[in-house]
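Chain lettering (A, B and C) follows the sequence in which the chains are written, and residue indices restart at 1 in each chain.
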Amino acid sequence: MEELPLDFELAPAAAEREDALQLSLESWEGPLDLLLTLARGQKVDLRQISILALVEQYLAFITEMRALKLEVAADYLVMAAWLAYLKSALLLPKDPTEDPSPDELALRLQLRLQRLAAMREAAARLLARDRIGRDVFLRPKPEGLREVRVRRWDASLYDLLVAYGQVKLRTEPVVHMVARRPVVTLDAALHHLERMIGIKLDWAELSDFLPADYDGPLRRSAIASSFLAALELARQGRVDLKQDGAFEPLYLKAASA
Amino acid sequence: MTPIDDRERAIEAMLFASDEPLDPRQLAGRLGDESTPGEVRAIIQAIAARHAGSGIELVERGGHWHFQTPADLAHLLRRERDDPRKLSRAASEVLAIVAYHEPVSRAEIEAIRGVQTSKGTLDVLMEAEWIAPAGRREVPGRPLIYRTTDAFLQHFGLSSRKDLPGIEDLRAAGLLDPVDLAFEEAMGELDLVKDGEEA
Amino acid sequence: MTPIDDRERAIEAMLFASDEPLDPRQLAGRLGDESTPGEVRAIIQAIAARHAGSGIELVERGGHWHFQTPADLAHLLRRERDDPRKLSRAASEVLAIVAYHEPVSRAEIEAIRGVQTSKGTLDVLMEAEWIAPAGRREVPGRPLIYRTTDAFLQHFGLSSRKDLPGIEDLRAAGLLDPVDLAFEEAMGELDLVKDGEEA
């Protein structure tokens, strides 16, 4: 108990002595606390205290403090005023119409004092228990129960292969592969056309000279090459060309000369 | 001596090594086998019984268990440098009021003490982790209410709130009831007595 | 059980509550009676024997004694919890390079990736136990070289490194296609391929 400024035996004993009243109000935790200390001085069960005597003690105490020119906090004065009213009401002949009656007010005060006293005693008993660090001791440096987070890395084979593909793609020397387009060269077209001219005797459309199975880009290439070949053969005087109008089919036949 | 069973060894080691009290559920979880909290509780009690009367005891505080030294050996273990938290008179009263009345609002604490509670008083108790806010009271103003914590039970060596010294007597005497309620009851009794006299 | 003698309780409590190991002389001094260090030593041995085989043991370290939990129960005090993480793109690339080119040095990895590789990336892969150092390359500077591990094969479901798809397999699977080319193909511009085949 040495750590506690609480001392329940001392306070009532001090209150009995007149000089104890010289104490500053700072010794009390408010007017109710002071009243409780004074009530304890009556040395009877709180249920049997004389409220009138208690009121007189309190008022005397406050009067003395003021006579000594000590500062008295407002809440102590408010309590004093209320108790002075209670005192006069208790002393005057009972007025049955008064509500609440002075007896009821006195009962309330008594109940409050009982409750405060009960909690004060409970606090003392609580603090007197076997407390950790004072009466009972724990292990000062327990190992502690730890939870260790273990990182589990995750990746799939797919992730791995995609990553490798990206590395390869990013770092391989960039080579522009020009796709080898199927073409019919001018030489091939000339050769072909020369042979075909000998077979076809009448006017025939240029496209008729092309192999039937050429289609797609190969056919376009063949048309272009054959056109150039036809112009070349015409220049050499070996074919005649005719066209009915712009963008009309081009006809050719072996030169009549 | 009969050899100690593996689970009992494991639970004893966990309680010994832990830096905070453990409950059967936490211990069962850490065991990682199929043990139920109920089984663990029985084992804890066996361990506590095995240590009874020795220099180390296993105690329950609010459903959690921890090892500590027996109180009667305090004189051998207390050292000058040990400086347990000193509580002001106001703080100790407020702590008692919270413990015996919980959950309780600041206004209710003040009604009992008849004096305003300085902010610092509640702070000290919260810093010590002996009290904690426990929501709000559903009345006008919705005041914050406070309760005591497991750390409070541990520090003051209480297995549960029922162990608070004298709480049953205080409750039976109506000293944990508010003044208004006690007043009405007292007046009711008086009326009854009066009626009885008049009859 | 025979009741434990007072001195034994006291010594047990002192050993429990001390923040450092104590020797018989210190314990005898704290007991404050006429006990000799020799007597205390005998009592310590009795305490150690009493705890033998339990979840708490009293052990001697250089003449000083302290309580600890048995080493075989360490796994209970240190619980591991998985924290799964997805491997970063950079780490996946490095892992793939090690797998395809092993053994390979960091400089070689960088040359293949075409970008600098942080030490942390290799560390992650070593932490995952998917790669491991495999000696040093006998070239100037003797750089450390890395290879994949058995754990790597296991994790990726490979029975050997030869199971890794070759470059041609990757190409066939479209994994070496630039994204824009793959897009064009998906749009159905297939003429080129068809013509090529027919040519």
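Annotations for the structure displayed:
Everything that follows uses one rule, which is that a residue touches a chain if its C-beta (ideal position, glycine included) is under 8 Å from a C-beta of that chain, and two chains touch if they have at least 3 such contacts.
Remember, predicted model here, so these are calculated numbers, not experimental data.
Taking each chain's centre as the mean of its CA atoms, B is the chain most distant from chain C.
Closest chain to the protein centre (all Cα atoms averaged), using per-chain Cα means: A.
Centre-to-centre spacing of chain A and chain C amounts to 31 Å, using the average Cα coordinate of each chain.
Here the CA centre of chain B is 43 Å from the CA centre of chain C.
Within chain A, the positions touching two or more other chains are listed as 137-139, 143-145. Residue positions 13, 16-17, 67, 69, 76-77, 79 of chain C each touch two or more of the other chains. Those residues of chain C that touch chain B in the complex are listed here as 1, 3-4, 8-17, 30-32, 47, 50, 53-56, 67, 69-70, 73, 76-77, 79. Across the complex, chain A meets chain C through its residues 137-141, 143-157, 159-171, 179-182, 216-218. Listed in rising order, the residues of chain B touching chain A in the complex are 14, 16-19, 22, 30, 66-71, 74, 77-78, 82, 84, 86-90, 92-93, 95-97, 99-100, 112-116, 154-158, 164-167, 170, 173, 175-176, 179, 182-183, 186-187.
Here chain A touches chain B in the complex through residues 3-6, 29-33, 75, 104, 107-108, 111-112, 114-116, 118-127, 129-139, 142-145, going by the rule given at the top.
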